[in-house]
Each structure stands twice: as C-alpha cells, then as structure tokens.
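The structure under discussion appears below in the form of structure tokens.
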Amino acid sequence: MMFLNDPINFIAGWMRDLLTGWGLSNGLTTVIIYFIGITVLIVFAMVLDILLVWVERKVVARFQDRIGPNRIGPFGLIQPFADIIKLIIKEDITPAGADKLLFNLGPVLAIASVIILWAILPLSSKIFGVDLNVAVLYLVAAGALGTLSIIVGGWASNNKYALLGAFRMVANMISYEIPMVVVLLIPTILADSMSVQKITQAQSGIWFAILSPLALIIFLISAIAELGRSPFDLNEAESEIVAGFHIEYSGMKFGLFYAGELLHAFTFGGFMAVLFFGGYGGFFGLEKIGFFSWLNNPFVQAVVFLAKAMFGYWVIMWIKYSMPRIRIDHMLAFNWKFLTPLALVVLVNTAVLSKVLAGLPNWGYVLGMFFSNIVIGFITVEILRAYGRKQRKAEAKLSPQSAQNQEQAA
Amino acid sequence: MQNEWLYIGIFLVIGIIVPIVPLVFSRLVAPRKPNPIKQSTYECGIETVGDSWVQFKAQYYIFALVFLVFDVETVFLFPWALSLKQLPLFVVLEGVLFIGILVAGLVYAWRKGMLEWA
Amino acid sequence: MSIPLSWYLILAAALFSIGLFGVLSRKNAIAILLGVELMLNAVNINLVAFWRYLDPVNMAGQVFAVIVFAVAAAEVAVGLALIISVYRRRKTVVADEIDLMKW
Amino acid sequence: MTADQIIFLLCAALIIVSALMVVTTRKLIHAALWLVAALFGVAILYVILQAGFLAVVQVVVYIGAIAILFIFAVMLTRREMLDKGAQTRSNWWLPALLGLLILAGLIFLIIGQPAFGRTAAAMPEGVDTLRNLGTALVSPDAFVLPFEVASILLLAALVGAVYVASGNKE
C-alpha cells in the first residue's frame, strides 16, 4: 500500500536503493532520479497537450454548433496524432533574410516557457515536481521567458507583420503582467507563503475564491491577456496583420507555438485552481471526516486537480469563442486605467483587512473579506456606470441622432 | 534548498531539449526544396516594399517604460507580503504608502495623457 | 559550498571590466547602456556573495542588491527615454554626435 | 573539483562569454539578447549563493522588463543605425587596455587577501531568508528608509522618463 499513498517517494526510494547498490555516488543517484522523474512529468504534459488539441477542437465545435473532428478513431480521438504527423512531414520554410538561429529559438523558447511551469504545478500533495518557496514569482519569471520568445520569433522572421504582431503582443503581455503580479500577492498574503503547496493547504477550509472573488476575476482576465487569446488576440488579428508574430512559421515550428498556447491555457487553468480553488484539496474540511478520508489519496487528489484545471481551461475557451476582439487602444486603456488601479485597491484592502480581522473568529474573517470585496466591486460598477452615463451625454451633445437611438434602446 | 534548484535546472534543460526533438525529427523526414519565391517574405501576395524596419509608434515604448517601473515595485512587495503576519499594523501601512507612491506615478502618466493611444 | 569567495570576486571584477570596456568603446548610446548594465550586475554579484559568506542572517547585502535593482531600472528607464528623445530630434543614437551641450 | 565548483565554472564561462559578446557584437539586437544570456547566468549564480528570491527577481526584472525595454529601444531607433560601419570607436584598444589593467589590479588585490580564500559556512538552521528580507525591508529599525526612498526614486524615474520620451509635443 506504500505505492498508493506516496507513489513518487516509493519509486524514488526503490531506484535510489537500486542505483546505490550498483555503486553509484549519492549525488549522481539524485541527478539520475531527477532526470527520470522530470522526463516522465514532461512526457505526461506533452501527451496531455496533444489531447488538448482534440479537446479544443471538439469544444469549439460545440460552441459553434458543429460536431468537430469525428472521422479518425472513436470520437475523432486519433485526429491530433494525425495533425502532428502532418506537421512533421510538412516542408519547413525559412524566409529569406531571417535570422536562422533566432528563428529556431523562438518556438523552442515559447513552449519551454510553458513546460517549465510544470516543475512547480502541484498535481497532488505527494505528486509534484518541486515545492519552491518562491513559486509564485517563478510563475511570473516563466512568463518573462514567454515574452522573450515572442519578440525573438517576431524579429527573426524579417517580416513587417511579424514584427508588428510581436510588438503588439509584447505590449499586451507586459501591460497585463502588472495586474497579474499584484493579484498574485493576494494568495501570498492570505496563505502567508509563496509556496504552492502551502497555498493549497491554506485553502483546505475555505477557497481564496470566496475570500477574494475580485482577485479571481482580475487573475482570469490578465491570464487570458497573457495567453494572447481572444478577446485579447489582436497580436494575430487576421484581418489586420495577417497572423501576427508567427506569420512566417510553418510546419512543426508553427505546431510548437500552437501547442505552447494550448498547454499554457491549461496550465493557467491549473494555477487558477491552485491559487483560488484549493488546488488538489479544498473540500471545505470534508476530507477530515473518516468516511471521506479517501479524498486524501494522492491519485484522487491528482484527478481532482486535473478536473479543476480542465474547468479553468474550459472557462478560458468559453470566453475565447464568445467574445469579439478588442481594439489595442481600448485594451491597453482597460488595463492601465481600470484593471491595475482596481488590483491595487483589492491588494491594499486584503493586506489591511488580514491584519485588522486577524483577531476575529474564523467566520468573521471570512465574512469580512468577502463583503469588503463585494463592496469594492459594487463601488467599481457604480463608478463605471457614472462614467458611461457621462460619456453617453457627451456623445449626445455631439450628435442628437445617436442619443435618440440610445434612448430607444434603453 | 539546493536540491530544489538542481531540480529546476535539470527541468529547464530537458524542457528546452524536448521541443527540439520534433524539430530535428521534422528536419529529417520533411522534404526541403527551397526556392526564392517560396522563401520570399509573406505579404499577402504582393512584393515586399522596403525592409521590415518600418517606423513603430513610440507609444509602445511608453507602455514598456511604465511597465518596467511597476514591475520592479510590485516585485518588492512580495517580501513585504510575506512578513505581514509578524509585523504590527503600522508597518503594513508602510507598504500601503509604497503602493500610494506607485499610484502617484500612474496618475501622473494618466494626467499627461501618456496612457492614450494617440 | 566549497567555492572560495575569491572566485566570485574575480568573476565580478572580470564582468565589471568587460562592462567598462563596452561603455568606453561603443559608439551607439544604447550599447553604452548595455555596458552599464553589466557593471551593475558585477556589483550585485559582489554584494550577494559578501552577504552569503560574511553575514547570511542579517539581510543587509540582499537589501542592497534589491536597491541596486531599483536603481538599475530607474537608470534604464530614464537613459533610454533620453536616447529615444534625442533620436527623434536629431535622428542619431551615436553618442559622439550628440554634442549640442558641448560648448 | 566538486560538483558545485564545476557548476560555478560553467556558469562563469557563460557569463564571461555572453558579456564579451554584448560588448563586441555588431548587431545591437544580438547584443541585447547576449545581455539576456549573461543576466541569466548571474541568476544561476544567485541560486548557487542560496539567494533564490534574488534569482527569480533577476529573471523577472532584468530579463522580463529591462531587456524588453532595451529591445524596444533598439527597434525604435534602428532605422538610422542599420548596423553598418564600425560599432566601436577607432581607438578601442585604449578602453581595452584600461579594462585589462583594472582587471589585473583587482585580481592582484583579491588574490593578495587571504581572507577572501574562505568558503561559505553552512546556512544556519531555521533561517527563512525570504521572510527576513521582508522584515528587514519594512521594519523601522532596519531598512525602511531605503525601501521608501527606492519607491520615490522609481516615481521620479517614471515621471522624468515619461516627460522626456513623450517629447512634450513641441
């Protein structure tokens, strides 16, 4: 039963005994075990990535009232593998005047910046890569590599549209990184730690989504922008700049960008689960009751975690396929004039309240946090409404006709 | 501590090798018949005019600049957030003052009209 | 931890010298700023190494390093803004040609 | 030669080679990307020094923000500087000589000090450097003043840079 309760340490211990039995030194054994473990984890992530292609195509088809891939294999499950074979045997064109090395580095960095996130993703209390004490910032650092990959790819293509797309995408990503970093501070304050394991454990009683719903909303919006998905996908706005930074990429290199985007979306769904929905745990204390103790099994936890991550991914897809694209000036204004100030207000609120309410009993703390968020949300909506009214009045002065139309519409 | 980072280091190396594998494999099996037309820069079918160095809006730079300042300041807030629990309330307010100064910069940029896409 | 402190110091010294060379020999103003970044990083290596080897409990060294990060960010922001401003007026980023204030 | 010494030397080689490329490459974009490599090497160095927080901050601030700003600036000003002609001054050997002299002097000084030959003591048990750093940055009897001054410095930089870069619309 050891295996079922702590699979990674069980296998690692067995292999350590085996390898040291062969006369290898302790340090080398550690490296070899890490090597094997990491390879297994990354291969798992990549296989999941391939399946995500199928999920994405199937779900978007349903959103658009189609059936989606259904010819190859049961429910079209073999379709993504066929896609990969197609991408691999396609001719790979490097445009003239491209910077060869950087042109190849772009897609590799793009997917690597996503894969390294899996090092800290806690699949369950016993199945995880590493429990870093700066994990939350590590998430931001990996995003920095992603930004770099886009600017490298766009620059190396030697194409106006690619460069323009890269500029837009980078302006987009770095702008929305600010509210994201600010919001990442909130789980850090609530759990009093940057380690994802500690953040998960701190939510065994109550999810942070309930303590700070506004933070969750801001995180979701900035995560979508960071991913460059619709409605923030003007980096690849087909009608304006053709395909954005990956216009010159074909074959497997394009496939890597595409796979990276899907895995990134899923991984962010996973991090949303960790930071706000209790990760692999968060059953509101249910797992402490004897009858439900099977919820503590690492394999059950992993399934729960993957389900929550898939839910986050599904929400991101839902938004992607129901929203039109936003213009770049609106998008940047939305970030700097609305999202960033709001995130800072929520941060100050959380920091001060976590101090003021610390003396209260648990339910007072939870209710105080929750209602303070509701109040802030309400005030924000009221300010927006007043602003909208003012704008409409200003517009009405300009053209009486359009005002009349709006009156009728209202 | 050290072992955790060793793990991250190995992860980084393998994470870079894994995407290279399909690229190399593709290189081996995919046909390669380059010709000038195929390799020309894609621009919706017409010939490219000039080099790809068109003039970009300096506005992109302004946003990157505001981002840089904010990024540095918010990163400093992480140690502060971690020590909240051990410190008295007025120390928390020091962090709030820090955020206040940050907001002053944002307000200035806003007032100057630098956040407009003009 | 079997690395002598002097290794770090020599590495930092080498990085500093390379940065200095870049600052003095480059024509392009942006490239000069790149050299300044290298020099600042050399300083930071020293600060963190001394923190680790001399006084790892007291955080003075790390705090200094953090302040250097802030200074580096401020320097880059203002420096590049100046370069871009000059470029817009005079269409050059060569440091020697920016000589309006020379006399 | 122990394992961490080998890692240190590899990392040092990465830093030195990248730094040399930064100051000698003709294409400015490449110089900026080599700077990223050098800064990444410094981040690894922080990890070896057990300053994990600084390592991550190095990546976030330097690679994620400062390097991006450099690349933007290079792209914005690139039109006139098409990487043609000499990128270095004609009397480049003078700075090179100066750099070598300073390096030789510093190495001479460092080797001469036997105190610098020491190796690090093990990290004391139960010390949470991350939390200590946070406390040190905001507690009034430590470094709260530099902390707030840093934020004012950044505010001043933001105001100044925005003012200058906006070109105050002549």
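The letters A, B, C and D name the chains in turn, as written, and every chain counts its residues from 1.
To be clear about the criterion, a residue touches a chain if its C-beta (ideal position, glycine included) is under 8 Å from a C-beta of that chain, and two chains touch if they have at least 3 such contacts.
The model shown is predicted, which means the values in this text are computed figures rather than measured ones.
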>> By the touch criterion stated at the start, how many steps lie between chain A and chain C on the shortest route?
In response: 2
> Given the two chain pairs B-D and A-B, which is bridged by the higher number of C-beta pairs in contact?
Replying inline: A-B
>> Rounded to a whole Å, what is the gap between the Cα centroids of chain A and chain B?
In response: 15
> Roughly how far is chain A from chain D, going centre to centre by Cα mean, in whole Å?
Replying inline: 29
> Cα centroid separation between chain B and chain C, in whole Å?
Replying inline: 21
>> Can you list every residue of chain C that touches 2 or more other chains, as numbers and ranges?
In response: 66, 69-70, 73-74, 76-77, 80-81, 84, 88
> Which chain D residues touch at least two other chains?
Replying inline: 50, 52-53, 57, 60-61, 64-66, 68-69, 72-73, 75-76, 123, 130, 133, 137, 150, 154, 157-158, 161-162, 165, 167
> By residue number and range, which residues of chain B touch two or more other chains?
Replying inline: 56, 58, 60-61, 64-69, 71-72, 75-76, 78, 81-82, 95, 102, 109
>> Touching pairs of chains, all of them, please.
In response: A-B, A-D, B-C, B-D, C-D
> For the complex, which residues does chain B have touching chain A?
Replying inline: 3-4, 6-8, 10-12, 14-16, 18-20, 22-23, 25-27, 29-34, 36, 38-44, 48, 51-52, 54, 56, 60, 63-64, 66-67, 70-71, 74-75, 77-78, 81-82, 84-85, 89, 92-93, 95-96, 99, 102-103, 106, 109-110, 115-117
> Can you list the chain C residues touching chain B in their complex?
Replying inline: 66, 69-70, 73-74, 76-77, 80-81, 84, 88
>> Looking at the complex, which residues from chain D come into contact with chain A?
In response: 3, 29, 33, 36, 52-53, 56-57, 59-60, 63-65, 67-68, 71-72, 75, 130
> Residues of chain A touching chain D in their complex?
Replying inline: 27, 102, 132-134, 137-138, 140-141, 143-145, 147-148, 151-152, 155, 163, 167, 170, 174, 177, 194
> What residues of chain A sit close enough to touch chain B in their complex?
Replying inline: 30-31, 34-35, 38-39, 42, 46, 84, 87-97, 104, 107-109, 111-112, 115-116, 118-119, 129-132, 136-138, 140, 157-164, 167, 170-171, 174-175, 177-178, 181-182, 185, 188-189, 192-194, 242, 247-248, 251-253, 255-256, 328-329, 332-333, 336-337, 340-341, 344, 347-348, 351-352, 354-356, 358
